[in-house]
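Some structures are shown below for you to check.
You will see subunit A twice below: alongside subunit B first, and alongside subunit C after that.
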Partner chain A sequence: MSEPNHARRFGLIWLVATIVALPLVILLIGPILPPGNGSEQASGQVTDNTVLLAMATPVLLLVVIYLLYAIVCFRQPKGAALEGPAVRGDTRVQTAWIVITSVLVLALAGYGTVRLLSDYGSGTGSGPTPLTKPSGPKLPVQVIAQQWAFTYRYPTYGGVETPHLVLPVNQWVELNVTSLDVIHSFWAYQLGVKADANPDVNNVAFVKPTHLETFEVRCSELCGIWHGSMFDHGKVVTQSAFATWIREQQVKFAAATKVLPPYSKTYLPEPTRRGG
Partner chain B sequence: MTTTVEAASTPPPIHTPLWRRLIGFNLLTAVLLGVGGYYLGWFIGRQIGFEGSFHYQHASDENDVSLLLAYFFGVIGFLIGLGFANYPVSRMIGRPASLREKETGGIGRYFGLCTDHKVVGIQYLVGIGVFIFVGGLNAMLIRVELLHDTPTAVGPNQYLTIVGMHGTMMIGMMTSGVLGPFANYFVPIMIGARRMAFPRVEALTFWLLMAAGFILSSTIFFGGFPTGWTGYAPLNDQAVWGMDSYICFFALVGVSMILLGVNMMATIMTMRAPGLTWSRLPIFVWSVYATAVLMVLATPMLVATLLMVALDRTIDTSFFIAGGGGSSYLFQNLFWFFGHPEVYILALPGFGIVLELLPVFTRKPLWGYRLAVAGMLGVALMSFFVWQHHLFVSGINADLRPFYMLSTEIISIPTGFIFMCVIGTLWKARISFTVPMLFCLAWTFNFLIGGLSGVFLSDAPSDTLTHGSFFVMAHFHYTIVGGLVFAFFGAIYYWIPKMVGLRFNDRLSKWHFWLMFISFNLAFMPLFALGMEGMPRRVSEYAPNLKPLNVWVSIWAFVLGFAMLLFVFNVVYSLIFKREAAEANPWRSKGMEWQLPTPVPVDNFPGDQLPSFDFEPYDYGVPPALGGGAQPAGAGA
Partner chain C sequence: MSLFGKKLLGVGTAVVVVGVLIGLYVANWATSFPTPVAATVAPGAVLGGTNLTLETVAAIGSKYSPAHPDWVSYLVRSKGQWIHSTIYTVPANSIVHVTIYQFDSPTGLRNPFLSQVQGTVSEGGAASGTVSIDGKTVNAINPEEASHTFAVPQLGVFVPLPGISEEAKNPCEEAPCEPSKFAHRTITFSFRTGKKGRYRWQCFVPCAAGFIAGNGGPMQTLGYMGGFLDVV
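Then we have the complex of A and B:
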């Protein structure tokens, strides 16, 4: 029995599978990938996820199809005890593998870096002094995390502190995330924002909401027993609706605002200690 | 290898009457002294604390001082009771050292200090197995709670304790899950040595781990701990005294890991038989070596960090307390400097097992031996440069994120080498689908999914979505359960016939494999989707729209739990009741361990000659197969 040309046969199967799968992944799966188009950052992440998925697909197909191919074609015949060919390596194949994986990996790292910097941190918490900042006016909003709720201060509106987050659409927002006790993580799912809240740290994330919608706010860092309950809805509204809303808040919380500590990037907490 | 040679070289077993066994240094004494030490430490703690003569302590720290001292003295008492002080004390006062630990016969040596590396290997396998079972029960409880989107079955406080115990127990135990049982048992044999470099240290690592396991389990009596396995500050400072169990557990595991690593490195570096050059080492030994290097270099950071946590909790230092001048970032930084090499400490032995087993069942030499070694050493080296990818959204050193992105993605190059070797070894192979081979093939698929999902986490923009969500959880379960645990089971099915001389029921074993493989994938694959849909880790309540998927996951997780019970049943049925003797070399392996008689003689290579390795490893596929590669010296005589 003549041995078929396994390399060519497997290569063909893989190539066809990749050619079929790639457009499906990019055109069908890509657009439905999370977190959606709630902000420039979220849309950017959808693009990133699509690119990564498109790069991972040929690799996934290569190994999975190869495994199946090997299982089908390279079996020990029943009852036999045959030995395989005593090949200990192939310099050309190994070199090609190293070169290809290196190129893929460097491309990924390069792409990620460019996207991270050009998208102003891609919605991540980027520390107190982010490397790149959007130009133009930004609405500063402070996110204060504590066990087990987020509150929000608007320093440009008299430092009023509100229990819910409302943001104007098409406006760059500078989120200053900090904590009063343990580590939390501010996760505005549809906006594509995630920034850890550390005590004594001002963690800045930039986001530009692009759609009028309600978004989910969650805590994504374990912060004690009610970690799962740190859940709220925020809203992206029109510029004028935002102006009305913030005036209402200023009136509603006028008394509270007077007794708040003055606005600061961080609030140095008392050392957290267990009760008696 | 004849029985006469064996009898001549084995010292006659020391027989001790039963009553004499019960007094002296044994497990019973160890438990008694452990309990005694525990109460002694507790008493001292109370004296230091605020009821005693020292009044400097914060009221709430008193219990922590007492509990930590109690654990400390308890462990010391336990070890003295087992007889770990006998040798140093005898030598110090000029007496000849006790030979009790050399005892060769009987089942009793499995329940005490024994310096035979083969006994320690089996002790490890059983001991770790028990605690992994505890960790598995916790996983089942987690999935019971997540059947509903609001806290129901166990409540939020107990839920966090269960999550923390599951993670901490599994990671702490599985760190030694391969090096403990299989490396201790087989590395000396594979390298042609009669023992490990430091046999007493070897026994110590096992008993430290057992003490640690009990300490972590005891956290349920002290209110549990709310931090998960990562134990982030300042939540760990706020936690009740169950947190001290976590600190003590991880510190003991850390010390055990360091000693285990030192022992493995010393053994592999100094005790190889003549002719066994580095380029002829079995690939499993290489993976053990790379793992040992990581253990020795990374784990001291963990122990030091935990000491700082203990100081924060007891004498009110503030290493990690922002209000006192410390930083919560510091803990994350120190923890992950250990924590990331740790995940490769978990993964590397899996690589080693798979590459060790593949040649046997493909009847081919290992394809790309040097590439595999380079891959393992590359992964080991690179693992020290990637830890801040765990902190991409934390705001720490945000400007360095491009570097950590690069280093993290570079680490997939050496990991890719391992895949290249698997692919090359399978090429035109003669695959026999034995149970160990099935586990190896499953490893390849699972670890591929784990690795490719890691790409989404290593890319900072994409990580915004997946960070701290169920996606991460699915990712590392694919690499650690899908990778290490599948390889671990492959190793069990492959090596148990050698270790105990009995064979598994083939049908039950195959059922176990298929049930485990299918239920694992059906349970963990949807977790990627759950994470992307916005489910954070470690929550006992979640968005109601995620409930159907969570119920699906729970059901398959229970099936996975059942697969594990099937394995336990298989062990009990095949190895305790049925007791069918295994063939001497059921896999026709050419590994050195399979050329020795079963059970392996106490000194491995009886007589005064060690084997000489004058052949290449994995000498398969050279037709005609001439009598096998590895032969102990004098085997033909």
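Then we have the complex of A and C:
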């Protein structure tokens, strides 16, 4: 019996599997990928993760199906102890592999760059001078990390500082993330925001919350004994509820606001007496 | 047994012994928690109130901590003795009345926001946002005068503790420090515990002298400037 054309047969199997799997991955798995749809940035990250998964799916199928194909079709006959034919390389296969993987990686690099620029950093910290900024009014909120808690300062509301983060829905927010001591990382999971908090650095991240919800705030940089307790819940509320809340905070924390230093993008406080 | 077999047995035995010793060391380190100390029932208190009496000292002393006698620390009063522990057991949904004798000098808050008292309640349980310092009720202190804080972030409790004057005539050098003998500040306040669970508490002042940014050593070691409230 003549040997079948393995390349053609394998290629056909892979093509059919890809045509079947790709829509399933995009339509069924894509919508449940993290981090959700709490903000424009989070929704964008879901799209990005779906694109990554869609591009990885054919590659995964290629490897897995080839493995299964080899197990089934190139199995050693029972009782035989045969050496397989020597493989010396195949220029066409090698070239195709290098070209296809290079195109995939470069395409993803291009896609990622465009997404970062078009989505104003996609919720990540973009350093003190971001390359792109959303137009129109933005609510500046300073995220201040210290061992072991985050606090939040609202410079356009008298510089009041609060122990919890509350944001208005459908409003661009400019998060200015900094630290008073060691390196932390501000991670508002459902909003798709993650920005390192470094001492003496203002790390800017933009986010536009789109849903009224409670979101988790965590530190994602190992920062000491209570790192695991640097956890809180923030809220996205209506514009009017935010206006009410911030007025309450201004009253509640009036005593602290009096002794806060003037608002600054970074602070380098030294212990005034002894510690350190 | 062949020579190879004997070597294999010897190496295997050595690996097992070393592995067990490492395991025991790690297990001992990981389970070395301070002894929990229960708050005492407050006489005549409402809402199942309990009393918790603490002190902060500039140096724990060799009696309590031979390995780190110069570390700053909290201690808790139990059965008439000062105990070196930072794990306190308090009842759920109750009010804890705290008295802290503060024997240390100021360091200053890194974040002045924490100079305002948060999360405290009156004796009857109404939100107050105040503490009594040496008999005077205040809602904030000068952030530069802060020596330590008693903060339970999950309960929203932040209480700044002012230090003694640097010119105080008889500062306590090391624990135990008796209020009747040494210069101190007396801070009293109450807070509500809420549901059962383990809540961490900590000092937010970078008070660990001699460590980078004032936040190493006793600030990073359970049993000195932070611990747990076991709400049961």
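Here is the rule we go by: the second predicted complex is superposed on the first by the 266 of 276 C-alpha atoms of A that agree within 3 Å, B and C clash if a C-alpha of one lies under 4 Å from a C-alpha of the other, contacts with A are read in each partner's own complex, and residues count from 1 in each chain.
Convention: contacts are C-beta pairs under 8 Å (C-beta built on N, C-alpha and C of every residue); 3 or more make two chains touch, one makes a residue touch a chain.
A quick note: this is a predicted structure, and the numbers were derived from the prediction, not measured.
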Exercise. Return first, second, both or neither, reflecting whether A:163 touches subunit B, subunit C, both chains, or no partner chain.
Key: second
Exercise. Report for A:226: first if it touches subunit B alone, second if subunit C alone, otherwise both or neither.
Key: both
Exercise. Answer with first, second, both or neither: which of subunit B and subunit C does A:108 touch in the superposed model?
Key: first
Practice problem: Classify the contacts of A:269 with the two partner chains as first (subunit B alone), second (subunit C alone), both, or neither. | Solution: both
Quiz item: Between subunit B (first) and subunit C (second), which does A:148 come into contact with in this model arrangement: first, second, both, or neither?
Solution: second
Quiz item: Does subunit B (first) or subunit C (second) touch A:18, or do both, or does neither?
Solution: neither
Practice problem: Identify the partner contact of A:171: answer first if only subunit B is touched, second if only subunit C is, both if each is, neither if none is. | Solution: neither
Quiz item: Per the overlay, which chain contacts more subunit A residues, subunit B or subunit C?
Solution: B
Self-check item: First (subunit B), second (subunit C), both or neither touched by A:181
Solution: both
Quiz item: In the superposed view, which residues of subunit A touch subunit B and also subunit C?
Solution: 181-182, 224-226, 229, 269, 271-276
Quiz item: Considering the complex alone, what residue numbers of subunit A touch subunit B?
Solution: 6, 33-35, 41, 44-45, 48-49, 52, 55-56, 59-60, 63-64, 66-67, 70-71, 74-77, 80-90, 93-94, 97-98, 101-102, 105-106, 108-109, 111-113, 115-117, 119, 121-128, 130-131, 177, 181-183, 185, 187, 189, 192-196, 198-201, 203-204, 216, 218-229, 231, 268-276
Quiz prompt | Residue ranges of subunit B in contact with subunit A within the complex | solution = 58-60, 151, 156-157, 159-160, 226-228, 230, 232, 234-235, 237-240, 318, 321-324, 327-329, 332, 362-371, 391-399, 401-402, 405-406, 409-410, 412-413, 416-417, 419-420, 423-424, 426-433, 441, 444-445, 448, 452, 455-456, 458-465, 467-469, 532-534, 536-543, 588, 620-623, 625
Quiz item: Given the complex with subunit A, which residues does subunit C contribute to the contact?
Solution: 105-108, 110-116, 118, 129, 139-140, 142-144, 153-154, 156, 158, 163, 166, 200, 202, 204-209, 211-215, 219-222, 226
Quiz item: Once bound in the complex, which stretches of subunit A touch subunit C?
Solution: 144, 146-149, 151, 161, 163, 180-182, 224-226, 229, 232, 252-253, 255-256, 259-261, 269, 271-276
